[in-house]
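The following pair of complexes shares a single chain, chain A, combined with chain B in the former and chain C in the latter.
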Partner chain A sequence: MEIPYVVTPRKDTGLFNSKIAIWLFLASEVMLFGGLFSGYVFLRMGADYPWPERTLPILPGLLNTFILIGSSVTVVFAWAALKMRNWMRFKIFMAITVLCAVTFMIFKGIEYNVKFHHQAVRLKDYTVLEGHLGKEMENDKPVLDHNGKEIEENTIRVKADSLTFNTVRFYKPWVEEALSEAKHRGSKVTLASDVEAVTEEGKGKQTIAKAGTPLSVDLLEEIAEVHLDARGHNADLRTAALKAEWKKAKQDNPGSKGWQLAANVSIDTEALNPRLLTEIGTVKFNVEPPCRLDFKPRHIQEGEGSSRLRDDTVVTGELLESPMVFHNIDAIDFTYLAMKAVERGVDPEVAIENSWVIQNKKWAREAWEWNKAQTAKLEDRLLKDYGVDRETGKPKREPTAKERYRIGWKEFVAMTDGADRGEGKTFLKEEFVGPDYAGREAKHTFPHAEIPREQVAFASKFTPSWNTYYAIYFTITGLHGLHVIGGALVLCYYLLFCRKMYLENPEWLANRVEVAGLFWHFVDLVWIFAFPIFYLM
Partner chain B sequence: MSAHASSHSGHDAHADHHDHHDPGFLRKYVFSTDHKMIGIQYGITAMLFLAFGFFLMMVMRWSIAYPHEPLPGWMSWVFTENWKARWLVDGKVTGETYNMFGAMHGTIMVFLGIVPLGFGAFGNYVTPLQIGAPDMAFPRLNMASYWIYLLGGLVMCASFFMESGAAKSGWTNYSPLAGFADGQVVNQFMAGQTQWLIGLVLLITSSLLGSVNFITTIINLRARGLTWMRMPFFVWSMLVTGFLLLLAFPPLEAAGIMQLMDRVTHSSFFLPTGLFTKSEGLAEISGGGSPLLYQHLFWFLGHPEVYVLLLPAFACVAEIIPANTRKPLWGYKSMVYSVLVLGFLSFIVWAHHMYMTGMGAAVSTFFQTTTVLISVPSVIILTAMLISLWGGSIRFNPAMLWACAFIPMFGIGGLTGLPLAFNLADLHLHDTYYVIGHFHYVVAPGILFAFFGGVIHWYPKITGRYMSRTLNHLHFWPSLVCMNIIFFPMLLQGMAGFHRRWYNGGDGYLDKATALKGDGPNVFANTVAQHIDMNILMSMGAWTLALAQIPFIINLFISWKAGKKAESDNPWHATTLEWATPTPPGHGNFTTEPAVYRGPYEYSRPDHADDYLPQWIEPKEKAPKKTESHPA
Partner chain C sequence: MADTPEAIRKAFLTYLIIGGILFVGTVITVLVATQEWLDFGGHGFDWHDAVVGMIIATVKASCVAAVFMHLNHERKSVYWIFFGSLFFCAALFALIGLAKENPIHDDYFYQAGEAAAPVGDTAAK
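Showing the complex of A and B:
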């Protein structure tokens, strides 16, 4: 059996099979990215925070645009070379195409990597600070955690004196983590009291583990097993008892409806209790001496005296100071604060003056004063350049909210250089990876700061969790990146492994390259939409 | 009787074919690239999933009818002791368990049962045969599509065994409810909600591969002479279904990816600012997302999905009716145009599921209008099928019985949908049992009945044997009765205000002191008291319906080996191309290159002695020499 129209087009439709298929596939892709792009529109229109405009470095994005457009051209040349049966030429152009894809992904990787290490924090008063988290230091040396890694200062610290695990839900890696952290700090985690349980019906209590047994996952699993056995056994007994009660109730009250009897049908607990096995829902361990344990903010619901982890482990002990320490702050953003002030009917400038960071940090006040002066200068210039609207009497153009209320790293650079906004000197590399902190350190361009935990409303790296802009940015560009990788792999396959096919049936290979080329054009097209909406608008 | 004669040569060629290259057991039955084997794989897998979804429903119906009583042994023996201890309280179904079963019942029935059965099984088996193609355009893609579907289904169902349990936020998986469910699980990849999303992405990938394959096959692999207007209605339906799957599923994939991001990377696509939950307090998320966006993306799929379910059923019925009335399908052309319009309109009605979201009167009015419009083409198709019966000499064989039952049952389902289309009426009926009754009438006694008919209709082609008539009747009549016992009271309960997600059937709303008299001060409690006893009737109906499926299951397997042998390759004396193949068709389907000379439903032509004239029979006026290749 042979499938027709694999290589030659069908006469009445004028198409070979895979060409129809790729157009259909692209239609489906249009709907997929259409869904995501309409998600972008929906999120942007409905955003209740200042949508970050022109926030990404434009240069790498622009270069990527040209690279991808270029590769769309070379893939056509490669196809044309095949049509002309020129293998060498095909190889050259295909190699260029694949190289373009690789370069694209490298730029993308750099862009992502910068964001994964860049920290932002939103304070309770809606001030947003950006920068890099410091490492915990002691005597000018970084403190190492139990894994031998430096401790980044966004952890909630508890001086734990006991840990109570949920026997069903405890999360093994966390248990091991806590154990090794305690060991690192010279503490022992041991069972607080004897674990005793009735494990067989009709028999007395048995000791499962003695008080003082050190914590281990094996021990927890052993206890969990006892618990699960008992739970199952008891559930069976209770079910059987309830069934018997219902049978009796129905016999005694013929014609009654279920809901009428329900209130009076219940298990005879006194008769049943002696037969039940012991369920051990939680098990408590002491930490001796009490020691500091670090938790990621998302994993813990902290409380005075007692905190709860996501896996239902309860940590008791004093909550330690857990400030977020930035070793360089590269942006102070008051746009969100200003927006909230306007919503409340407060003058944004007043609200900013009253903000925690201006009240408490000298560097913030200095930067804000500098920025205000710059804004005044800008207002003057705009008034001079564009004049006043005759009807309203107001200036035709005014500084944007971003210009007024956001002090970014370029502003910090300009400020220390003594230059005006937008005139500070930056290096090409900085356009890709952000400010060169080490190189500029001598001038103290970027302030250090300690943010007490009670001021922190929400903190995140510049990852999808920071806000919906970064969420949709990573989703669309990430999915697009996967398309680039997938397409490049296919093109690579044609480049490296299709010599035999070329010799046997060059037209078939040309068809394949044509189809892959169409896909490649689509990948390019998606980027043509993604670039302006994320980088320019 | 050229149609019969051709079968002999067909059998011989078929036997030869096997001798030449036997592909081996694995290649032939498991990793097959033959569209017929893949169709059968789809069919069997889908039926297993349907049975599983049915079982979940039986447990739910127990909870509704007897909320205070432990699950009886004949249902609970399936579960392990540990599972029962985790998910049942004293043997009673809990609200959480009910939610889990409800969500998975819907998901399994829609995504893993009906779609694969209609599009995957019937579409795969019949479409290439009906257009005279040797196979699908991309056989290996076809195989991949099946395996990805199976993987997706298993991933979704595997989560029943996890500590978190399976997804439990309804089959629609609305955020923020779904965004927070299972949030306590540290490793999100081991949470039922996440597994649901991963399974969904896999299923969408599978249906994407399937639909690309179907459409390409129909466009490019039609036999010589099979012009567009000579295509059987079945093929048209599959073509439109393919386009719906192709274009409607990706937005849900986008939504699925976004929700997956919300779960795994803690983004806030669908989570608004200031979310507060009892267990977590103020959520540690950025907020700023839009729950409404999820609903838009979901229903942009969700509504075309309804027609993805429905069109294959139309397709089966449209083949069964002409073959058994011995007259052409009435209004073939208008049916074709209707199905195209239906396909188009189904893309612009989605927000009628969202009248209650407060998206605004103007938007609601627009979607109300398009929704009413879409009833026009569906009614044209249904009417055409009804009129097709008129004046026919109907053979009431089992397939025809199912097809005939489909028409009124689907009719009830469709008509009960009209009040839901109007946003004013929907305010009252939204999320009540009326909605459940409405769409179950469409899907269960509607679509499934058509599929049962389809199984019986094509069974002789697939196996070479008829299904047992007696068992078919034993299956059909109780099913018809039970379906109505289950679903009709739902309409009444729904109008009385019974909410679709009550796990205890309304027990919580009863005023126990006055319920028997029904004259207490709480008016709603009185209404509930009047309707609550229907729950028991409906549940009984559901369990009896399960019994009624046993003859079908027996029939399906017994008749495979022991059924009455089909006398010829065309036992129903039908006209479309699938009956021109040997029985069962070998790899490559046709023994000679098929050609088509006329429309699909040429029954009882006055100028022809037989009461049917198949598409592949060459016109008599052609030179007699040519007929030798088609032995006459």
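Showing the complex of A and C:
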């Protein structure tokens, strides 16, 4: 079947079909990205924390902008080459375009990877620390967990003596994890007591599982099945009994309204109880001998003596010391603390002086004192250069909150170099991936810090869960990245598999490349806005 | 739109010039954001810088749309489709303005423990 209007335009629209289709698609894309960008504005306006301004390294973003602009030029050249029936030239320009797309995604991948491995923690006094967590060591060797992996020093450790599972809500992977970890530490997890239940109406209790039975997912599922059967049976009985009561009440009191009767209608529980089956809501297992179990902080609500996982499993036992250990702190951020202090009517500097990190960590105090001195220098220079506003009597230009209250990795470098802010020596690689700890070890030291768990309010890698800035950043740039991949695949197809089409109907191929090119330009257009918004503002 | 080989040959230079404008525009945006001698408004980032950055971005986007996407001489149907969607996109941003006027973070809403008062009863605040 011949596809109509692939080369010649339709009379009504004046365009070939795929062109009108791509414009309709691009219209929907405008709405999609428009919605996301307006979402960005909304989140930024409503942020109840200091919005991270210029927090991403500019260089990778800038290079990616150049790459996309370049690819926009080459894709239009590729189309023009086809129009002029120059296949070789088309191939060269299209290959460059695809190469640009690949390079763009490599830079993006590096940027994402850095974020996914960079840790942040907000303390209870709103101080934010950033850096990289250490791995648990013993005799200078990393300790391996039950999966043979190194243990990041950000776990909640409990010397568990029992685990009580909710038979409906238990999460299989966590059960298997706990079981495997206990086995790794030489402990057994066994049923604490016999599980007995009435499973049929009118019959006595049956033993479902005996005390000492080893924990397994199958066992929990078996108990869960008994529990759910009993719950269903009991619910049916109660419903039937209640219906009968209502029917009787209506017959005894004809003409009465439901609300008048409600207070006197109830189930005779004493009569019903002998008919009920046993519901087994929880089941307890002993850990013998008690052993250390590690949990991810976001999975557990820890407590002294008893902690609860998010699947309602209760872990009893001594809560062990579980500090967050940073081997390299690369930023101390007091901007959030300062904002909260201003809200409370407290001098931000006084609040910072009283913060936990300043009170307890010598390196933090030194860094803060250095930063204060640098801010004072900057204040003097701005006053000298720009003067005072005549109307308000205040300096025309003043240091920003970020300069006053945030000590980033470049400040640490400058401090160790004995240089002023912005004058420490950094390497090109560091502009992409952040501080090079190993390369700087001899010269610069990023502080090592143990943060007691009770000081931690919230901790996360720089992922969407850290704050709304990263949530919208990953949403928009991730979706844009998917568009780059999709567009590059289509362009790659034209480059590699369309020689035959070129020979048979070159104008058709030119039209298809034009349509794909329109999409590619749109991808560039989105980035033109995304770059300043995320990297520069 | 350049459609004949002759017209396309002529358009090459235009495409290169637009590419150059986009490069220069990007460099200017970065300079505005990072260099004190090009810092608009107060010291550091503020709304002046945001406006300048967005104006440059809009000029760059217009260049891409007009020349690379050939919107400078397209059919009416394309204009209706594209600018129609832009209109709705602008409406989304206008909704943000309305949200600012009627904020979700209403202090009154969070006055826990105080006696309930009819909505709009400012005297109760």
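Going forward, the second predicted complex is superposed on the first by the 526 of 537 C-alpha atoms of A that agree within 3 Å, B and C clash if a C-alpha of one lies under 4 Å from a C-alpha of the other, contacts with A are read in each partner's own complex, and residues count from 1 in each chain.
One rule holds for everything that comes next: a residue touches a chain if its C-beta (ideal position, glycine included) is under 8 Å from a C-beta of that chain, and two chains touch if they have at least 3 such contacts.
If you're wondering where the values come from, they're calculated on a predicted model, not measured in any experiment.
K.L.:
According to the stated criteria, A:Ile58 is in contact with first (chain B), second (chain C), both, or neither; which is it?
P.N.:
In the superposition, A:Ile58 contacts chain C only.
K.L.:
Between chain B (first) and chain C (second), which, if any, makes contact with A:Tyr49: first, second, both or neither?
P.N.:
A:Tyr49 contacts chain B only, not chain C.
K.L.:
Under the stated touch criterion, which partner chain does A:Asn467 make contact with: chain B (first), chain C (second), both, or neither?
P.N.:
The first partner, chain B, only.
K.L.:
Just checking: does A:Met31 make contact with chain B only, chain C only, both, or neither of them? Give me first, second, both or neither.
P.N.:
Both: A:Met31 reaches chain B and chain C.
K.L.:
Have a look at where A:Lys257 lands relative to chain B and chain C in the superposition and call it first, second, both or neither.
P.N.:
The answer is first: A:Lys257 touches chain B but not chain C.
K.L.:
Kindly classify A:Lys83 by the partners it touches after superposition: chain B alone (first), chain C alone (second), both, or neither?
P.N.:
Touch status of A:Lys83: second partner only.
K.L.:
For A:Leu536, is the partner it touches chain B (first), chain C (second), both, or none of the two (neither)?
P.N.:
So A:Leu536 only meets chain C here.
K.L.:
Which one hits more chain A residues, chain B or chain C?
P.N.:
Looking at chain B versus chain C, the one contacting more residues of chain A is B.
K.L.:
Taking the superposition on A as described, I'd like to know which of chain B and chain C A:Thr400 touches: first, second, both or neither.
P.N.:
Only chain C; A:Thr400 stays clear of chain B.
K.L.:
By the touch definition at the top of the document, which applies to A:Lys243: first (chain B), second (chain C), both, or neither?
P.N.:
First partner only, chain B.
K.L.:
Which chain A residues lie in the overlap of the chain B contact set and the chain C contact set?
P.N.:
In chain A, positions 13, 15, 20, 24, 27-28, 31, 34-35, 38, 42, 46, 48 sit in both the chain B and chain C interfaces.
K.L.:
Please name which positions on chain C make contact with chain A in the complex.
P.N.:
Residues 2-3, 5, 8-9, 11-12, 15-16, 18-19, 22-23, 26, 29-30, 32-34, 42-45, 49-50, 53-54, 56-57, 60-61, 64-65, 68-69, 75-78, 81-82, 84-86, 88-90, 92-93, 95-96, 99-100, 103-105 of chain C touch chain A in their complex.
K.L.:
In the complex, go through chain A and note every residue touching chain C.
P.N.:
Going by the criterion above, the answer is residues 13-15, 19-20, 23-24, 26-28, 30-31, 34-35, 38, 41-42, 45-46, 48, 53-54, 58, 62, 65-66, 69-70, 72-73, 76-77, 80, 83-84, 382, 386, 396-400, 402-403, 517-518, 521-522, 524-525, 528-529, 531-532, 536-537.
K.L.:
For the complex, give me every residue of chain B touching chain A.
P.N.:
Of all residues in chain B, those touching chain A are 66-70, 81-82, 84-86, 88, 90-92, 134-135, 137-139, 163, 184, 186-187, 208, 211-213, 215-216, 219-221, 246-255, 257-258, 261, 265-269, 273, 280-281, 284-290, 292-293, 296-297, 300, 507, 510, 512, 515-516, 532-533, 587-589.
K.L.:
Please give the residue numbers of chain A that touch chain B in the complex, ascending.
P.N.:
1-5, 10, 13, 15-18, 20-21, 24-25, 27-29, 31-36, 38-39, 42-43, 46-49, 168-169, 171, 173-174, 228, 231-236, 238-239, 241-243, 246, 257-263, 265, 267, 297-299, 301, 310-312, 458, 460, 463-468, 470-472, 474-475, 479
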